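Two complexes are shown next, each including chain A; its partner changes from chain B in the first to chain C in the second.
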Partner chain A sequence: MLKSLALEPAKCTGCLQCELACSWENEASFNPSKSRIRVFTFHEEGRFAPYTCTQCAEAWCLHACPVEAIVINGATGAKEVIEDVCVGCKVCTIACPFGTVNYNHDTGKVIKCDLCGGDPACARACPTEAITWVDADQTGYDRMQAWAARSVESIDATQGGGA
Partner chain B sequence: MSWAGKILRVNLNAGTVTPEPLNMEWAMQYLGQRGLATKYLVEETDPKVDPLSPDNKLIMATGPLTGTMASTGGRYSVITKGPLTGAIACSNSGGFFGAELKHAGWDMIIFEGRSPKPVYLYVEDDHAELIPADEIWGKSVWETDQILHEKHADPLIRIAAVGRAAEKGCLYAAIVNDLHRAAGRSGVGTVMASKQVKAVVVRGTKGISNIRDPEAFEEVTEAAKKVLAENAVTGEGLPKYGTQVLMNVINEIGAMPTRNMRDVQFEGASKISGEAMYEPRESDGKPNLVTNGACFGCTIACGRISTIDPTHFTIKDKPQYRHASGGLEYEAAWALGSDEGIDDLDALTYANFLCNEDGLDPISFGATVAAAMELYEMGVITREDTGGIELKFGNAEALARCAELTARGEGFGQVLGLGSKRLCEKYGHPDLSMTVKGQEFPAYDPRGIQGMGLAYATSNRGACHLRGYSVASEVLGIPYKTDPLVTEGKAELVKAFQDATGAVDSSGLCVFTTFAWTLEDIAPQIDAACEGNWTPEKLQEVGERVWNLERKYNIEAGITGKYDTLPKRLLKEAAKTGPAKGMANRLDEMLPEYYSLRGWTPDGVPTPETLQRLGV
Partner chain C sequence: MRHLIIGAGPAGVIAAEHLRETDPQAGILLIGDEPEPPYSRMALPYYLTGNIDERGTHLRKSADHFDRLGIELRTGTRVTAIEPADKHVRLEDGREEAYDRLLLATGSSPATPPIPGIEQEGVTPCWTLEQGRAIASGARPDSPVVLLGAGFIGSIVLEALARRGVELHVVEMGDRMVPRMMNETAGGLLKEWCEKKGVKVHVSTRATAIQSGRNGHRLAVELEGGEVLDADLVITATGVRPNTGLLEGSGVQVDQGILIDRNMQTSVEGIYAAGDVAQGRDFSTGEYSVQAIQPTAAEHGRLAALNMAGRNVPHQGTLNMNVLDTLGLISSSFGLWQGVEGGDHAELLNRPRYRYVNLQFEEDRLVGGTCLGLTEHIGVLHGLIQSRLPLGVWKERLMQDPTRLMEAYLACTQSLSACKVLH
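== the complex of A and B ==
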């Protein structure tokens, strides 16, 4: 079964454990500035939102790359950067509409989420399940269930609990 | 190794910034943050120095776990000689600033001297420079944050700044980072402003990649996070209600300081509690609490993010406050609420916003207003003195006005900015100041929690709950339950808490973890990250060493054992209600035993043998 990262901003506390886990997994460094996933704080709204590559099926970054350094991992569906091939031209960073491919000046290559080969460190590190690793076809399952539960409540409220 | 191994020395007289290697010999003895910075301060300054003179130094220090993935590993402390107490000041803050400093490759920053003109420090990895602060001097912390973010055109910088209160000489001004986290107590912000330093801006992209044993570190930090998640306090109570989970609990056991500590229970407690922050309000149907928020790397996330009722008198004409920001923690809710007899949640949230906006310690501010209210009701402070404010207990409008004036250092706010001790002395009633060593009490009346009386009396930075939180044992049963109304065994308990806290405060971790963690959980995390074979016993010893070093500094500063006492009210006036009814604090039953356990003389001076044993 293909899996996917599901992001739920409402559950995020802004702790950055995901950024630490990501940079640790990929760079062997606790370094949010090198994280493939980022948490944004909207202070005046009191909201936090994690954001990373959604692994588009028709990936702009992949098509834009002039040297075919971005390839599809058949097992995970991730679009992965092959560092040895990447020439650091940054065309993919322009092509990505979501800004989730970024240049790393330390290496002269681009970095993006590769789903950690099928066991994303960010999802493991998230203490509030704001980032989960779920069936790719069912990323909305929990939210659907929550709304379904509300519809059940409204039945209870209007019909006195049924029967 | 996990220390960055490098400190930044900022000489404000000369306007120079100089990197230096961290003294690793001291790091092995004092770990980091609170302990290590105290060692630097003690070695480099005269304890008798005027806290607001150029000869005082101010140190911002991270711990070895700051910036790592260990839960809560984002803390930094500010160490200096405090202007409120004349004792050592050490204030700890969360948010994101400390981790950013570490990620830029620095363990600490030492500020010395005084800049001839207002400046701010800009640090970007190895690069550091002092920049003229003309456009931000005279501005609030919030304005400063916005101006500097726009100026540097970098959303990822982290900023710690002082507000107008500090500039105007308020003696309990805080350093506020990330808009609403603060090195709050003892006037560390006042010292920073006295050096003409308005802000520190940091951007760190180097990260931390020198963990001693990476695999072990992953394993032990993950296990420790599980302990936090499965604990009722750190896994449920704190995320849901924040520290405000305590409001109703402490009120019920009769330890809620109320109306300048005349009473030990507040009839309006439930209205300003963590539970009340969930109640939808009439005007817009929204509750006070928007969400909980975490500091860097924290898997507890106790922080409150709140809004004020847009129709409330405090902000109905001030659209600039109609947004979410740091909400009430228990200490602020108590100090701004029950101590003034005010149960208006929105007024308290507004006063709390102002404390963040301009960098006031809400505990000292609230307790000073409470003392002024008592003096006003006695007729000692007059309406003329207050500039027309009807300064009566229960008056929310008066609280809001006092917060505005003190935040800006205007009018009667100048007097309130002196703190409770100096205010009560000024009006001829020093006994009505609810302080130890000049610092105002936090939210636990020591008549209802006896051990806290000893913790307050002996705290090295004046009255403080974060130096030895015996509440954990006496009320919450952590790590074991003791009776809050007895004094027996409390000397040993308080000493153990003080020493353990000294170690935690030196590590980069948050002391709130100790609701769930003991040093058995903490030591493996430090040891996996750092050289030095860190065991629970060694950490306990580090804590004891830090405690004695602070004590020695204080004694040399003139803050001797005779200041290890409580206000007469708490020693002579019995609690009127609650489980402690009829009881005062019995400090005299605990203090001699405490001195003896510490290896101090009957006058409270560490003996040469004790200092030698600890290598102080």
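== the complex of A and C ==
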């Protein structure tokens, strides 16, 4: 069964263990700047929000890649960067409207969340269940609810009539 | 139903794939005039630096990709005329190929600047794989190379040439680098950066003649004002022009590029256009222009295919955007980076660190932006502009600190308290 990362900002304490776990899992270093998941801080509201690739159906990054370096993992549904094929042109980093594909200056390639092949380190590391790894269809309603109102997709769809 | 696609670049290839997906029974013929398998011009600079081999430039990596999809690919084949009355195209060898729907994805070609001596050997654009091979063998370390044009493509080629260790001079007519992608501040910073890295950048000038060389070099480039630059190789990057030549007499209307409607159809029914050759709808202005960028080619290809297969999917317009890596300084620009009448803007400049962010607003919506030295989460600029998201209180916060783009996006799209976001 396909699983998804569930992110609940209200439960996030900003401890950044997800960032450390992600960078350790994927880059073998404790370096939040190399993490594929990032926690954003809202001082004004006293809130934190973890955020990473939504593995969106549109897959803007994948379609914009000129050399077929981003592919879909059939088992997890994740859009993955094949590092050996990526030339580092960065077109995907501007094509992704969620800002979740980043350029890694050290390797000259791009990095994005690949769901750790189906066992995301961030979800394992999160002590407050702000990040959980759950059945995708079981929580489909939550997903719809969370995104229905104001996501990029829904706004895009409404432009057909108005723009 | 038989779909015929002229042009095997990104727009043509993506269209063919989407046609197959949408119309499983249709015949699909994809014709390209270069002898190579479909490849990406964007990848050529990485081929020049030795980062990838030729295969690394290919748009699709598996040898049987097109066969497997039932797409007939014919490379090294030139279409010379389109005859819509008979619904066929004519090939160079005189044969005809019939179509029900035709896609023109013929791309663009480098403009040849009107400079005496430009036709000489040793003067070349960096546009095709064949030219890339020639440049790779000619641009040896320490040999003098003159690059004409520091626009977007010129600046990408600049990176590759500089990394090959040539002694590089760049000549740009505008008063700064990438004048059509960035303002004076950003373009000026980019020039300073390149000069610091050892590239000689000549702005507000032009080459007036290319002569045969002296001092043991093949060529000599004379600039306005009299300066003469030695060169073993002259690379031209002075803009591209849509390939519309084969449309003569076809009735397909051409302005800057091929005119298309919101369904990607040209003035002739059953004939569509996509990519660099198409004058498509611009998201920001609602007007029709030639963008000639990779993400637009991809989007055009997808939409043209859907409409050719009978779906009515109108084009919302593509956002003009670019990203550039110039010797390690990464810059990007999005949408109406020049701003709009009566709009506000936020600017952050750290000159010693070559860091610059410029955001352009219309009321409380983001309409454009430029980043220099900032790579983290820059795609969200695209998202904020294309969603026309009202920023509310976050406009003021971005005016104070333009780097808080992700925070603005998250705060405006998700309730930070109760909602659960599933990824």
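Here is the rule we use: the second predicted complex is superposed on the first by the 137 of 163 C-alpha atoms of A that agree within 3 Å, B and C clash if a C-alpha of one lies under 4 Å from a C-alpha of the other, contacts with A are read in each partner's own complex, and residues count from 1 in each chain.
Note that in this section a residue touches a chain if its C-beta (ideal position, glycine included) is under 8 Å from a C-beta of that chain, and two chains touch if they have at least 3 such contacts.
This one's a predicted model, so the numbers in the text were calculated from it and none came from an experiment.
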Name the contact category of A:97: first (chain B only), second (chain C only), both, or neither. second
| message | Just checking: does A:87 make contact with chain B only, chain C only, both, or neither of them? Give me first, second, both or neither. | response | second
Check your understanding: Between chain B (first) and chain C (second), which does A:54 come into contact with in this model arrangement: first, second, both, or neither?
Key -> second
Inset, instruction - Would you sort A:74 into first (chain B), second (chain C), both or neither based on which partner it touches? - result: neither
The chain contacting more residues of chain A, comparing chain B with chain C, is C
Once the structures are superposed on A, label A:30 by its partner contacts, choosing first (chain B), second (chain C), both or neither. first
Practice item. Figure out whether A:6 sits in contact with chain B (first) or chain C (second), or with both, or with neither. Key: second
Practice task
Could you look at A:45 and tell me whether it touches chain B, chain C, both or neither (first, second, both, neither)?
Solution key: both
With both complexes overlaid on chain A, does A:16 touch chain B (first), chain C (second), both or neither?
first
Shared chain A footprint, chain B vs chain C, residue numbers 44-45, 47
Chain A contacts chain C in the complex at 4-10, 38, 40-42, 44-45, 47, 49, 51-55, 60, 63-64, 66-68, 85, 87-103, 105, 108, 113, 134, 136, 139, 142-143, 145-147, 150-152, 155-156, 159-160, 163
Given the complex, residues on chain B that touch chain A span 67-69, 71, 96, 103, 156, 179, 204-209, 214, 218, 225, 229, 239, 290-299, 301, 303, 305-307, 323-325
Interface with chain A, chain C side, in the complex: residues 10, 14, 40, 42-43, 46, 51-52, 56-61, 286, 294-295, 298-299, 302, 314, 316-317, 321-323, 325, 328, 330, 332, 334, 375-383, 386-389, 397, 405-407, 409-414, 416-423
Interface with chain B, chain A side, in the complex: residues 13-17, 20-21, 23-24, 27-34, 43-48, 125, 127-128
